[in-house]
Amino acid sequence: MPPDARAATVAGPARVVVAARRPPRLGRFAFGIAVTAIYVFLLAPVAIIVFSSFNPTEANTFPPGGFSLRWYGKFLESERFVGSFRFSLWLAVVAAVAATLIGFVTAYGLVRGWQRGRGLVQSLAMLPMMVPHLLISISLLLALLIVPVPELAVLIVGHVLICLPFTIACIVASLEGIDAQLELAALTLGASRARALWEVVIPLVAPGLLSALLFAFMVSFGDVYIALFLSGPGRTTLPIEVFAYMQWESTPVVAAITTVQILLIIGLGLVIERLVGLRKIMRV
Amino acid sequence: MAKSILELSGVIKRYGATLGVGPVDVDLREGEFLTLLGPSGCGKTTTLHIVAGLLSPDEGCVLLGGRDVTRLDPQHRDMGVVFQNYALFPHKTVFDNVAFGLRMRGMPRHDIVERVGRMLTLVGLPGVETRLPGQLSGGQRQRVALARALVIEPTILLLDEPLSNLDAVLRKRMRLDLRDLQQRLGIATIFVTHDQDEAFEMSDRVVLLNHGRIEQIGTPEELYDDPTTRFAAEFIGETNLIEGVVVVAAAGPTVTVDTPEGVRYDAVAPDARLQSGDAVYVMIRPERIDLLTERPAGGLVMAVTVTKRVFAGDIIAFELRTDRGLLLRSTKPSVVEYRALSPGTRVWAVVRDCRALRRDGGAVSNA
Amino acid sequence: MPEGSARAGRLLLAPIAFLYLIALLAPIGFFLVMSVFRYSALDLWVPTVTGENFARVLGESYHRAIILRTLKIAFFTTVGCLALGYPLAWYLARTTSAWRGVLMFLVIAPLMTGVIVRTYGWIVLLGSEGTINTLLRGLGLIDRPLKILHTELAVFIALVHILLPYMVFPLFSALAGQDPDLERAANTLGASRARTFLEVTLPLSRPGVLMGSALVFTLTAGAVVTPALMGGKDVQMLGQTIYELTMSTLNWPLASAVAFVLVVCQLAILLLYFGSGRRRAA
């Protein structure tokens, strides 16, 4: 029996690298075409909208006959569109902040309260995602009819509800990447729980919080269903305004508006990507 | 004897129906280096966490300088903790990491700078203040974690397997440095490890744990020479264990043990309560077996054949077989006479001394 | 972990539990309960219990047709999303290209532009003066514009397009989470690319498939805007029915009964997801 504790270090066997079999060129080529086609499918309508927003004529044709910014002009002139755009922005900011705050508290509770086995509880936190937004909206409208609560508040609540699954997912993903022992270390060094949170957790979860804010903003801004039932005079969101418009007319001003919206969202998306890196958030 | 600064009294921690650890009765003395040693899952880290205040025991109490701190927050316990993965704040510089505890105590900036500088020099890392943990090597991070825990001048230092993430060479060196530092600062320390060599090299006393129970508490010598349970005998170093029955248990510390191979041993029994008829193990450390080519006059002698021989640098390990089939292990210094002994050779094995351990699995309480 | 914190952690869920209770569960619960109340032209509903709403929803052929059409479209949309989404998710999960972040963003970006935006895009594409028709006429393949809008096909295409990202995410998550050594191991044991996929990758991605399908099915069944814009009066789905009953006809009890049917279908799907998903819970 060799007292290996005292033996000289033994060299291990040479590592053997096994290369995986590479698929045939044709197969990969076909696959590449397929993926590209899917991307085209995914992005074409969006691209088309952008292009047709510059259409000088009224028809919804593509390719557009020329180049014109008149629809952008129409958009900016229109009181109802600009007004609802402003309202949508405001609403999105409020909903995003609220959803991020509640989301943070919830995510922290989830990650720290369950060392393992939080699958079911976390799924429950995602509830609004599993319920048709339509249903949420109608129910809130009903509640409104019964309980005297300001309609604006209910609209905000509705948006917060649909944003929460996103913010929770973002922040949970971020928190999971933080070593639980860091907070313990801070405690043993004399920090109170609050201090430990502020000094250690918040700085490290900041990217998650930021991406939660931005995701929630995008969800709220783009929402149609909640606002469908809960909008009203003075509180109409841009998508609803557009939807109403589209029921009766269909001019490229819609394209102009949506292009602006796309630019806004792409801008925000790039900010997320810069700050956080999408890979981390996609682990929903 | 140095006075006690920390006492664990009747501490028990359960996880549902399973025992985490306990009952734990142990004290930590001034300036002492106490190690909690045992295999994974034995409860050593749990005990450390209870001392630090990161866990509450289900029963028992923790007394710090006579004061009951069992329910006291870790924030107020004034203990320095080094975690297994160091838990350095990744977003703060080395300086901010080490200064953290001092900031929590409201020390003025100027003093902090000075103290941090001194501590970093003390642990052998002068000048790294502005680096981030991510830019440091494993060994450096370990020292920063140590500095962070020590700079607050805590009453007790708690170390949770701080060396297990380092490679072997670095580990050996850190052991010495760490022990050195501890002695220089004179700070009472509790050290957790599963590595028996480490425990022996560094500790004043060792608490040996197994499946949540204390097997034995003692100095490294006591644990090595006089283990009180089979687990202790086998966990610490190598040993021969032979089943036997006590035939004579006189008033003194020695008992006579009969074994199936027909050999009779006079063994020292740490447990004074052994009586005639009790089942025991005879424990013989490999280096306590002498090998001679000529039959000596007296002593406990057996005729054996060498069956295996392993050369391990500074020592040689032999497997020996008695005529009745008993297998023994013996280790001898790697000198000419022993190098010459090859398998098949017949020699005389002389047992210089041995111990008798109770054989029903029950540990002898050492409290 | 200081255990106080595990307990305190669970307490932190109180705010959201409260919110969900009073803003989500209670209102929805109450709305669904209305399905057994009687309709009144004067006060929206009268609290007398009656089964007439369900009788109408399940009995009248008009409503039955809508339910079946909704289920049909939801099913095909799910399949369509799966067919297109799986290759995309697989590619994203396995690619080592430096453009990966951008490619992933390109999948999310359309999602965030909102339903209206993308539906409008399809109107432009599929309208009688739209791109497809213009292209086909230009190529001389047809003389009169094809009627694509206001058909189930149009709704289907638009829905697949809009909901595709919702399928890609869970799939990507499941696929990316797989240990890459598994595929390599299968390969070295002699399995062909296809075999490896069928026997190793696909089964392991099942939770992702189920989650994505559950999501897409939910979203399709509850869709209003897209079917309304793409299908108009010719393609009526449950969502539009509920909308009209609530906003125009003001027959809330009936709307509730329809919504109830919708929820039941959905619960069935969710149970399917949770049922088989949980058996394989990590």
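As written, the chain order gives the labels A, B and C, with residue 1 at the start of each chain.
The rule is short, and it goes like this: a residue touches a chain if its C-beta (ideal position, glycine included) is under 8 Å from a C-beta of that chain, and two chains touch if they have at least 3 such contacts.
Quick caveat: nothing in here was measured; it's all calculated off a predicted structure.
Of all chain pairs, the one linked by the largest number of contacting C-beta pairs is A-C. Of all chains present, the one whose mean CA position sits nearest the global mean of protein CA atoms is A.
Averaging Cα coordinates per chain places chain B and chain C 60 Å apart. Centre-to-centre separation of chain A and chain C, using mean CA positions: 17 Å.
Rounded to whole angstrom, the centroid-to-centroid distance between chain A and chain B, based on C-alpha atoms, equals 53 Å. Within chain C, the positions touching two or more other chains are listed as 1-2. Residues of chain A in contact with at least two other chains: 184, 187. Taken residue by residue, chain B touches two or more other chains at 53-54, 73-74, whereas all remaining positions touch fewer. Interface residues of chain A, counted against chain C in their complex, comprise 18, 20-21, 23, 27, 31, 34-35, 38-39, 41-46, 48-49, 52, 59-63, 102, 105-106, 108-115, 119, 121, 123, 125, 127-136, 138-143, 145-146, 157-158, 160-161, 164, 180, 184, 187, 193, 218-219, 221-225, 228-229, 239, 242-243, 246, 250, 254-255, 258, 261-262, 265-266, 268-270, 273, 277-279, 282-284. Residues 52-54, 73-81, 83, 85, 87-91, 100-101, 104-105, 148-149, 152, 168, 197, 238, 308, 310, 312-315, 317, 319, 329, 331 of chain B are the ones that touch chain A when the two sit in their complex.
Listed in rising order, the residues of chain C touching chain A in the complex are 1-2, 5-13, 15-16, 19-20, 23-24, 26-28, 30-31, 34, 44, 84, 87-88, 91, 100-110, 112-118, 120-125, 127, 129-131, 134, 161, 164-165, 169-170, 172-173, 176-177, 183-184, 187-188, 192-193, 214-215, 218-219, 221-225, 229, 239, 242-243, 246-247, 252, 255, 259, 262-263, 266, 270, 274, 278, 281. The residues of chain A lying in touch with chain B in their complex are 1-9, 179, 181-182, 184-192, 195, 199-200, 203-204.
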